[in-house]
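Two complexes, one shared chain (chain A), two partners (chain B, chain C).
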Partner chain A sequence: MKYWLFLLTIAVSGSALPAFSHGTDLKYRPVEAMQIQANYDSGEPLKNARVTVYSPQDSETPWLTGNTDENGYFLFVPDRSLVGNWDIKVRQSGHGKITTIPISDRTELVNTPQQWSSQGVYSPLQKAVMAIMGVWGFIGTALYFSGKKRTKTNART
Partner chain B sequence: MHVPDGLLPNIVCLSGYGLMGGLTWYSLRQIQRDKNSTENIPKASLLTAAFFVASLIHIPIPPTSVHLVLCGLMGAILGYYSFPAILIGLFFQAIMFQHGGLSTLGINSLIFGLPAIASHHFFTLGKPLTGENPVGRKILAFITGFSGTALAALLFSAIVAFNIPADLDSPVEQAAILAFLISHLFLAAIEGAFMVMVISFLERVKPELLHGNG
Partner chain C sequence: MFAKKSFISLVSLVFITPIALSGCASPESSQPANTSETTVETAATDETGILKLVANGEDFVRQGFITKDGWQITFDNVFVTLADVIAYQTDPPYNPDSDKAIASKTKVFLLEGDKIIDLAEGDINADPLVITEVKAPTGMYNALAWKVVQSDNGESEDQAILLKGKAEKEGKILEFAIAFDKELNYSCGEFVGDERKGIVKDSATAEMETTFHFDHIFGDAEAPTDDAINTDSIGFDPFIPFAKDGKITVDLATLKENLDPATYQTLEKAIAGLGHVGEGHCKKMNND
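Coming up: the complex of A and B.
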């Protein structure tokens, strides 16, 4: 009887100690993550590009490193206690970009899942208008110097 | 083929600016010696416009897409005017489209400007050798266009390969750089063919445009 009681005590206490068990405990909870999308100018995704995340506290030592997926996406969960500007560097064979994500303790990420924020990315129409303006500037310069040349020639004659 | 901001160490960016300053000074001195500088500035300005928009035209070459560079063409037509022209084009590309960057403007001007100057000398030296032979002229134009882009891709790759950060997986990055180089060899061939068309057209319509650069 004492022998059986001893075995029962060991079995019950052993089940309470994780070190003795081989089971796996899986938990889950929703967290607020930040998703990065990396594309070339042409719209193609930057596949398997290296992503380096720097926290606001240390802009020299990477806080997290990883790679974008086949569609150019990278997901990470920032430490919400580290408030400030997070620098995200995406790089592949000399191409890439650094972007800054401001995170405050009140930044709400979950409520705006569909909105993408970006720095200096223009629509094709905006780009076309800007390119035309730039080209017109160069043509104007050419016309100005052509006019100057003609004036000089006329003055000589 | 533009190096963006933040990917190169500060010392490399500063060295790029130093070398860019020296090359700009030398190019301007060559331009000052040119007797037809007022006549050549409109030509330089129009080709700067072409260089400025060329980076927006993407050519799909798997696994990525590339854009026209026009180093060989700029060098062959503009001579030493090509360096300040490229510098101005890169500046506007950086501030308007974030193509490249202001901290890497010096490095980018070397990546595009040095092949342009090399193309100018190659084309100038090759012209007397080909004489009036049209086939020879076409071959010279193709090699000039091809080598200008290939040299720019080589310079870009060398600068990037020598500045791979420690936290980056070097073999993966080197493989990506090799893929970049291969795709740009196709681009170089396209630019060579484009150069043949432009030079043949100019020789028929306005041959004086190909002579008398700084």
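Coming up: the complex of A and C.
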């Protein structure tokens, strides 16, 4: 459910304002963010669901709150100096779940999207059946075309 | 040609049927809830606080609600026999959607044996029922295992759950006593709700909650008709044929015998899905 990616942020800086007020300075820099994807079991996204982020430092006081977008995504930039388990709570209309993202000082950072770390895993039986189905797909396709070829051959004779 | 087609169809059926039957991830696991109990480590702290166990039928039970098919339901009693409740500190945190067992670092028995509780006890604004309060090492209790078992005494004798109350629709009022003898065994992660629960601090009290979602059986008129809470519930109408002299008295065996198989199957799944920790779902374990 997690991957690191580069995120461009636009900082609205008021710290270095010149003498004249109302001036605005726009800066940007790449940072690394964590993306959460929240779906129902059906695969439908949890749109605009309430998200609460707890840092390893304080498991009771929210470090950040926000909402998922229309596709069930939520993006945040954790403070890398706070090493440990980051807990993310997502709730909507009586449905909810908490997931934990362990971040250590050795956590490797990657710049390309990786596979989602999923909470909804398949059972071993389901995985086995899916593998067998894949193999059968190839066999079935081969049998179909070999039968078709033979039919055409028979039609010519 | 026909033989080959039949062969392909037959083999396809053999492979596809298990997929259709397995559907989404199985709600029931054969893995025992307390698999890692033999490797339990005790917390390396002398500091202790109090861990309070509560049971919550939510406002659906305390205040009543309108079912998906328009029956206004109010409960007089919701008897549940709660048993063998264990709180865990786990690392990594337990995920009820995974195949992994609770990785317990510290466990505390909150309820040994069983206890009959009435989730409808108190007024419409009553707090969740307090079941026990026990001394516990400090730390974050982020997993909970618990059971619902058949009672061996009282009004709900031989039943795991007994729902008593009234149903009203379009001027028609029916009393009901609906009994389920199905025993349930849950393995749950952290409580999901407005606040975080289970964080025991030195000399302080923390709470853990077993939550029951009875709208999973009857549906909820306030939710959209295509919401899972309505599509996966049976409503109240299927109980109407069992009414006699204004009262419905029915148990699970009678329902199994008389409901159409699809409705009964939906009911069975709904009963299995009653147990939660707040809004967090639990894994239904085998009872053995």
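To be clear about the criterion, the second predicted complex is superposed on the first by the 99 of 157 C-alpha atoms of A that agree within 3 Å, B and C clash if a C-alpha of one lies under 4 Å from a C-alpha of the other, contacts with A are read in each partner's own complex, and residues count from 1 in each chain.
One rule holds in what follows: a contact is a pair of C-beta atoms (placed from the backbone, for glycine too) under 8 Å apart; a residue touches a chain by one contact, two chains touch by 3 or more.
What you see is a predicted model; the values in this text were computed from it and never measured.
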{"item": "Partner chain in contact with A:40 - chain B first, chain C second, else both or neither", "value": "both"}
{"item": "Partner chain in contact with A:142 - chain B first, chain C second, else both or neither", "value": "first"}
{"item": "Contacts of A:60 with chain B and chain C, given as first, second, both or neither", "value": "second"}
{"item": "Which superposed partner A:96 touches (first chain B, second chain C, both, neither)", "value": "both"}
{"item": "Intersection of chain A interface sets (partners chain B, chain C)", "value": "40-42, 89, 91, 93-98, 120, 122, 130, 143"}
{"item": "Touching residues on chain A, where the partner in the complex is chain B", "value": "40-42, 44, 47-48, 50, 52, 62, 65, 89, 91-98, 120, 122, 127, 130-131, 134-135, 138-139, 141-143, 145-146, 148-149, 152"}
{"item": "Interface residues, chain B side, partner chain A - complex", "value": "3-7, 38-39, 41-43, 45-46, 48-49, 52-53, 56, 58, 60, 63-65, 92, 96-99, 156-157, 159-160, 167-169, 172-173, 176-177, 179-180"}
{"item": "Chain A residues within the chain C interface of the complex", "value": "40-42, 54, 59-60, 85, 87, 89, 91, 93-100, 102, 119-126, 129-130, 132-133, 136, 140, 143-144, 147, 151"}
{"item": "Residue numbers on chain C that touch chain A, as the complex places them", "value": "1, 4-5, 8, 11-12, 15-16, 18-19, 22, 24-26, 92-93, 95, 97-99, 140, 189-190, 192-193, 195-196, 199, 213, 223, 228-229, 278-281"}
